[in-house]
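Shared chain: chain A. Partners: chain B in the first complex, chain C in the second.
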Partner chain A sequence: MKIRFVLSIVLVCLGLVAAILPQRQNSSMELDAKQLLNEIQLENYMISVDEMANALINNDPEYQLIDVRSEEAFKAYSLPGALNIPFEKLFDEAWAPYIDQVARKNVFYSNGTTLASEVWMLTRQKGFKNNYILRGGLNNWYATVLDPKEPVATDGEEAFFDYRARLGMKQFFTGEGTPASTSNVKAKKPVPRRKKKMVAGGCS
Partner chain B sequence: MKKPYIKLLGLTIVLIAAGLIVASLKSGRKFKFETSAEDLHRELVDSRFHMDPNTAREIIAKKNGDYVFIDIRNPGEYDNFHIEGAINVPAQRILDDAYIPYLKNNKKKVLYSNESIKADQVRVLLTQYGYHDLYVLQGGANYWKENMLSGDVFKTKAEYDDEKLTFDPEKLKKAN
Partner chain C sequence: MGPIIPLFEISEEINLLIAFLIGLGFGFALEQAGFSSSRKLAGMFYGYDITVLKVFFTAAITAMLGLLFMNYLGMIDMSIVYVNEYFMSSAIVGGVIMGAGFIIGGFCPGTSVCAAAIGKIDAMYFIGGSLIGILLFGQTYPLWEHLHNAQQLGSLKLSDTLGLPDGLLGLIVIVAAVGMFWIGEMAEKRFKREDISKEI
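Presenting the complex of A and B:
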């Protein structure tokens, strides 16, 4: 009888250990606070409006824009091809396949950066990957892509090169003017653009 | 002879198992999130925990002891300029044990960075980690330096909202 008793305890304990060990392995998928703090500092989850504009112009299927503002705001103005997941509905069952996936780069955007950044923080806490933030949101999109300001002479050649590129973007997205006629900028020889670093994965 | 041996074996296994369980709980718990993403999401839908610069300046002018301002920038930036009475807890070290007393207390803690985004992220992180009563100063140190150091504390209206649309979408539609 005693042997059976001891054996049963041993089995129960082994079972407990077995139940706990694989759980620890899986938890490497999820982040803890320290890991998320380190991720915040890296800022490689930020996508610039220039990068996003180029992706849209090139019809890059890798990017999926997600508008996290209200339905009304989305209807009033949204970026091309964007999906609307209002902040309030972030964790609704219906959106799970969109925010927890491995196929595409989700780019969250709002009017500024704050709301999109909070959405990103919540999805990272859940361990979801491939989520990014449009830096500066729609306000930055407007200021940079839809209404670029002409640089002044002291800004350097790269600023003029960026400006000409943005005039091209503006034409693409608004159909207004042509870059050649609206621009009286004399940038003698465009400095070769620094090669953009590929955005690293959201999670290692 | 046989029985004590088995008992000893059983006891050893039980102890090892208990040890493993404790070890796994401890190693996993250290920086575990206390508030679930779903709970935090519901909280954020109700309130965004933002503090506008004007309210912040009134609190400082009245020397309201219920609040403490926490500068999460690096010490160099803090030394260069910080909001009156603010303490410095650099973001990258905010989870260090040494700072627990500054974050785990009954005061209302107002975080700020150069702008608002980093402070907002750190606020979300600390709330996920289980801390409470955390707010984010809108506009951060940059807006403060430019707009809050002059003018009447109780009369001037300073508003900052990162999420306010700065262009008119209707005009944009007409242009097309």
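Presenting the complex of A and C:
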């Protein structure tokens, strides 16, 4: 009988301790400052303007653009297909399924990168995945896609490829102008040469 | 930080393998507690043996205290621990059917498998009956579908519903369990039967 008394008292005491302990909510998903610093240094949370433009042109459903500027700014100008989640409403319940999800790549953008980076850091610290920012924001979008600068002759071949691709993007997004010919070099014609003589003799 | 293996980070196959290993342990513990004897199980109903109550409540209290303390020590993230969803009507109807089956057949689904594994023929019949029941339910599911899905209340926790802190509810459960253990043992004396353990 004695052991039953002891066990009962021990159990109730454990229960008392559990009841007195303050309640706390752990979150294994949240990142601490060091982990966040690592992620920032990796810089793989950036999506380039060219990649984004290509995705928009191809109607790639993987990407979801999210405009984190104010509602007025969004109404004045926004990228095609973008959602508007103003900075101050970031953690509203209604937006939770959009910023904490595993299906798509969210791409935050603002005018520059400051606001979008802040949003990215907040969401990343919360442990949300699949969030990215548009490198350079709308300013870079304008400079790269809507108003691409022609590279100078000393630039590498790649710069010209990019430029031509961007002219195509510009045409897609603004609908203006066909891309001008970027080169005056005429295609080379084959120079007639004498045919190589067939190997004769031997075992052929 | 726990849970050691978050459900959504492992494949279905690994998940089933872990379930298999835990199941082996569970079956072993059931058999050791004497749950492969339908007389022991029915004893809970007639009051001459409350092992069922003791085993299940001790298990619940151990797990509950473990989670409460681990949560306090920052060792587990309770927000990603799976909580079974609660369907009120089907829980009530299912509970009645389960209780009736328990006292008629002398087993619950888990213990019947346990008893069949040690060669009890009544348990094998019991499993056969459950399988027929499952088949009938599956074949006539459209008839029950409404009842089956009615009053879905989501992943409810008793403490949230009552608005109590988890720890306080834990204390209440412990006090209730200890009380039941004592009352149960008194009942065991009152409804005492001859020792049948040698027959089984």
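Observations on the model:
As a convention for this text, the second predicted complex is superposed on the first by the 151 of 204 C-alpha atoms of A that agree within 3 Å, B and C clash if a C-alpha of one lies under 4 Å from a C-alpha of the other, contacts with A are read in each partner's own complex, and residues count from 1 in each chain.
Keep this in mind: a residue touches a chain if its C-beta (ideal position, glycine included) is under 8 Å from a C-beta of that chain, and two chains touch if they have at least 3 such contacts.
What you see is a predicted model; the values in this text were computed from it and never measured.
In the superposed three-chain model, the partner touching more residues of chain A is B, compared with the other of chain B and chain C.
Once the two complexes are overlaid on the shared chain, A:Asn111 sits against chain B while remaining clear of chain C.
Touch criterion not met for A:Ala96: it reaches neither chain B nor chain C.
Of the two partner chains, chain B and chain C are each touched by A:Leu16. Of the two partner chains, chain B is the only one that A:Lys2 touches; chain C does not reach it. Once the two complexes are overlaid on the shared chain, A:Gln41 sits against chain B while remaining clear of chain C.
Chain A uses residues 14, 16, 20-21, 23-24, 27 to touch chain B in one structure and chain C in the other.
Contact residues of chain B toward chain A in the complex are 3, 6-7, 9-10, 13-14, 16-18, 20-21, 24, 27-28, 30-33, 37-38, 40-41, 44-45, 48, 91-92, 94-95, 116-118, 120-122, 124-125, 128-129, 161-167, 169-170, 172-173, 175-176.
Those residues of chain A that touch chain B in the shared complex are 2-3, 6-7, 9-10, 13-14, 16-17, 20-21, 23-24, 27, 32-37, 40-41, 73, 76-77, 87-88, 90-91, 110-115, 117-118, 121-123, 125-126, 137-139, 142-143, 146-147, 174-176.
Of all residues in chain C, only 1-2, 61, 65, 68-69, 71-72, 74-80, 165-168, 170-171, 173-175, 177-178, 181-182, 185 touch chain A in the complex they form. Of all residues in chain A, only 4, 8, 11-12, 14-16, 18-29 touch chain C in the complex they form.
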